[in-house]
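Letters are used for the chains, namely A, B and C, taken in the order the chains are written, and counting of residues starts over at 1 for each.
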């Protein structure tokens, strides 16, 4: 337990520092500390539930609705974060979660709108198709890497652009645009059928839907896979020492293919959750850049599935709550600012380590014991 | 300076070169006490360190590497011509034959080391620290290095030469400091001591007997590994050999004659044509995983790259390669308690220090890492074992222990193919041997034909 | 103090600052509750947000400046005087009856959306904050308004630029939702007519954003206008495929200018800023070309180059809906605002050109004919094909 805390400490301190800096900046820019405290309070109310308003009015909605907003964002951040973390476990830096997510979202939208299935299995089929599409798209980068030695950072960035231009700028505004009458415009593709919607857990009380529990289960499963299963051990070995893994008889290329496909599947699943959970169609523009946010979430979560889950939930809450800061005139991008700063500090975690361990480069423990003896 | 692995040689040198700060004690240079706050301070005071692992940028030229960090400029722009001139001048002054325009990655290991030394001298080093400089060199290169060191000393430089090859130290040094367990055990004049006496001081025991050579006790069994006309078209040409159960077959040769590539082919890491039969099954082209499943063990030459996964724990590294079998796994799951228990017992029986299975293996000293690798490979009880440079960088006690265990493994009926650049080692261990030169194997030599001088000539291409 | 301890110290210090602050804020918000009737009106912008100098800014003007009499300063609101508000009104609105003036008690709540998926929660948040009217600017919010309106039957909603649409794309109504669409084709007709009269060589250009039915309305109206005043003229048409790519707008407009267009009308969102830039550049190079802006009066972008703008009175639609609500006259249903309702028009022409007075007179004459119904302006390609001036 102590080790877990120590491992998470750099991230926790980074987030705390980012929050503190933004707090001070906010207070200074308005020369008003109360406004900053108000804004932070609003952020908490908007992220985890408006308790004052609930005690005042007794309406459950003000309490439960924020849960829906934070968890639906957290689900997306978690899936894309895991996508990045899984690729990282095999030593690849997947910048392509955004593209894989776009592909997944499109497939979910098409399956949701144009395939008739019973309510129980329609969303699952939609999510499955989204995951498969993402996996296929992610595998392109893996094939290029293994067969041709193309660096995955380059190929995934390019594949992002291909996905965005092909899907958002052509398919969604062209052949797959929603049907409408006369001169009316509808943004995005056809609305999905009601059977394809991810079930809402609190019906009308909140938008909290099945996506978040699914994402959390996946995080747990990935954690078990990476730390408990032989296959996960092999995957990590490939990431940490590919030549040693090869010499030890681990099929390195196969593990890379599998991890990259899984990474793409998770990003594709994020697209499916976005479409089937809240948007009910492929929108004109596919939401916030969750695929890129996933990189930040993974790094802040230190590429550990549980760490990623915690960091995704935190930033989901922050973002959902951050909207409410606008009621006090705080700019809409404030939560992203906090996230960006936190990432910056995490990236500088070498500095944290130095601070925390007191002294840098000490000789190995054994030799220092000897010196003392 | 001599001492066993983990005796504290490298740590002490890192203090002298400013990488570590001492908790107590003083460092004096030319009668002045100094306090280094970092390697930069040490360099300014004329200390140059040549690390065991070279700190060079392979794609850059010799001149670029040497001036790196203090590049000559003209009007704010990099002046590489001036760099070439300056470095050429330094090389001439100290008698190094190096082309300043050559790329470092194209140079032999010995030449790369010279670049490191030139780099230190170029920065005005008066005190040179060479950390196990001959560990990576061929015998000829090592001889050359000894000569270079002598001439630097004659030129007025101070050289600290770290090694655990006692003969080398005796030939290069005036005074020898022996470190044992972080303490100075002795300081002797080279002219007044012998290798045996030094060995005794190092290990602290009086039974540091010379590594004995023992032949196979039982006659060798059936052929376990047979290569026929193995050829990769690049470095290995038509190699045929046999290894029988219950014998150690050595491959001697000067570095760069195809032994590394041959080992890679035998362990499934490199494609080749020909035939390779493992226990009468054709296995050429099989993956490393299949070969392991068929009972082939492999101690690779490049430990950090091929044998261990540095960021993983000792225990995970001990499982690597057989992590799918009990006691390391139960079905698809890792068996944590089984793995931990097995790892702990291996650390104990192989005397790997520290005895902590959860320690990152990268934090272990090289010798202890190598012990862990051998522990893993021998513990899997392979029927055929390919061992490359098994004792490189190990101290005398560890070498002896490794040799004993390899022999014991042979005596249990395993076939061992030993590839080593250390002729003494090949001669000490092998029941038969081949010499490799230019990618081709010599005729096999039986133990009674072992003749150091003749083999030495064969290694240089004479028949 | 070791580094670890100093970090803990600063964390604790920050907490100590925060805790009293929280307490204070409760007191403050309690004391700040104003007396009298307060009408909270919420507005959710689309992803363009505040400062788009177009659609969203127009809606915000209608609510903040006209209805609430407040000016946004970047960090909060300052009150304005009626004279200040009056000065911002174009002549036709200043003369309007009943006059546009501050409505008592109106408090604006503005939420900007960072992404598509913010629309619905933002609308819901405003409903939870007790907003009496919630405005969604842009057809992109159609889905979100539908969901929020169904869930909050006690709140009123205004959706700009689109009716409510069911899954099959058919319009329908809800008892608490008013929607306003604009007859962009009518305004585009007038600027088209003007373009036809101003053009020297009889070649004019149209730059659209994405090729969607909404933008097709602009194109059809514009072409019909040109055909009415200059039957032999050619209209060169191009679409950029986006609404947020200034460079694409510039590139496309340069192409049209090179092909001889000397008046270029754009309906391309931010891409249009590139169109105006291209026209400005061409003028600097000695070409006698003009741009026609869209949505808001874009004259300030390039005063020499912008002939006029096809203005959508989003501000007016917002203002009048707030006024209806304040007066208890809010009605649900779909409205289509054309020239007659003052929903579309062209911005004052501030530059001089040959026969300026005659041109403007001709355009005003056409406006009357449209309002009377003697000209029916086409809104689609099909209608345009059968349109006879």
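Criterion: a contact is a pair of C-beta atoms (placed from the backbone, for glycine too) under 8 Å apart; a residue touches a chain by one contact, two chains touch by 3 or more.
From a predicted model like this one, the values you see are computed outputs, not experimental measurements.
Undergrad: Hey, which chain is the most central one here, using CA centres?
TA: A
Undergrad: Could you pull out the chain whose C-alpha mean position is farthest off from that of chain C?
TA: B
Undergrad: On a C-alpha centroid basis, what's the spacing between chain A and chain B, in Å?
TA: One centre to the other, that is 45 Å.
Undergrad: Taking each chain's centre as the mean of its CA atoms, how far is chain A from chain C in angstrom?
TA: Chain centres of chain A and chain C, defined by C-alpha means, are spaced 34 Å apart.
Undergrad: In whole angstrom, how far does the Cα centroid of chain B sit from the Cα centroid of chain C?
TA: Chain centroid spacing, chain B to chain C, equals 74 Å.
Undergrad: If you look at chain A, which of its residues touch at least two other chains?
TA: Touching at least two other chains: none.
Undergrad: Which positions in chain B touch two or more other chains at once?
TA: There are none in chain B.
Undergrad: What does chain C use to touch chain A in their complex?
TA: Residue list for chain C touching chain A: 2-4, 7, 11, 14, 17-18, 21-22, 24-26, 28-29, 47, 49, 75-76, 109-118, 120-122, 124-125, 128-129, 139-140, 142-143, 151, 162-163, 165, 167-171, 181, 210-214, 216-217, 241-242, 379-380.
Undergrad: Which residues of chain A touch chain B in the complex?
TA: 227-231, 233-234, 236-237, 240-241, 243-251, 361-368, 370-373
Undergrad: Under the stated contact criterion, what part of chain A meets chain C in this complex?
TA: 13, 16, 20, 23, 29-30, 33-34, 36-38, 40-41, 46, 50, 52-53, 61-62, 65, 68-69, 72-73, 169, 173, 177-187, 190-191, 193, 204, 207, 274, 278-281, 283-288, 320, 323-324, 326-327, 329, 332-333, 336, 355-356, 358
Undergrad: Mind listing the chain B positions that touch chain A in their complex?
TA: That would be residues 6, 8, 11, 14, 19-20, 23-24, 181-183, 267, 269, 287-293, 298, 300, 302, 305-312, 316, 319-321, 323-324, 329, 332-334, 353-354, 363 of chain B.
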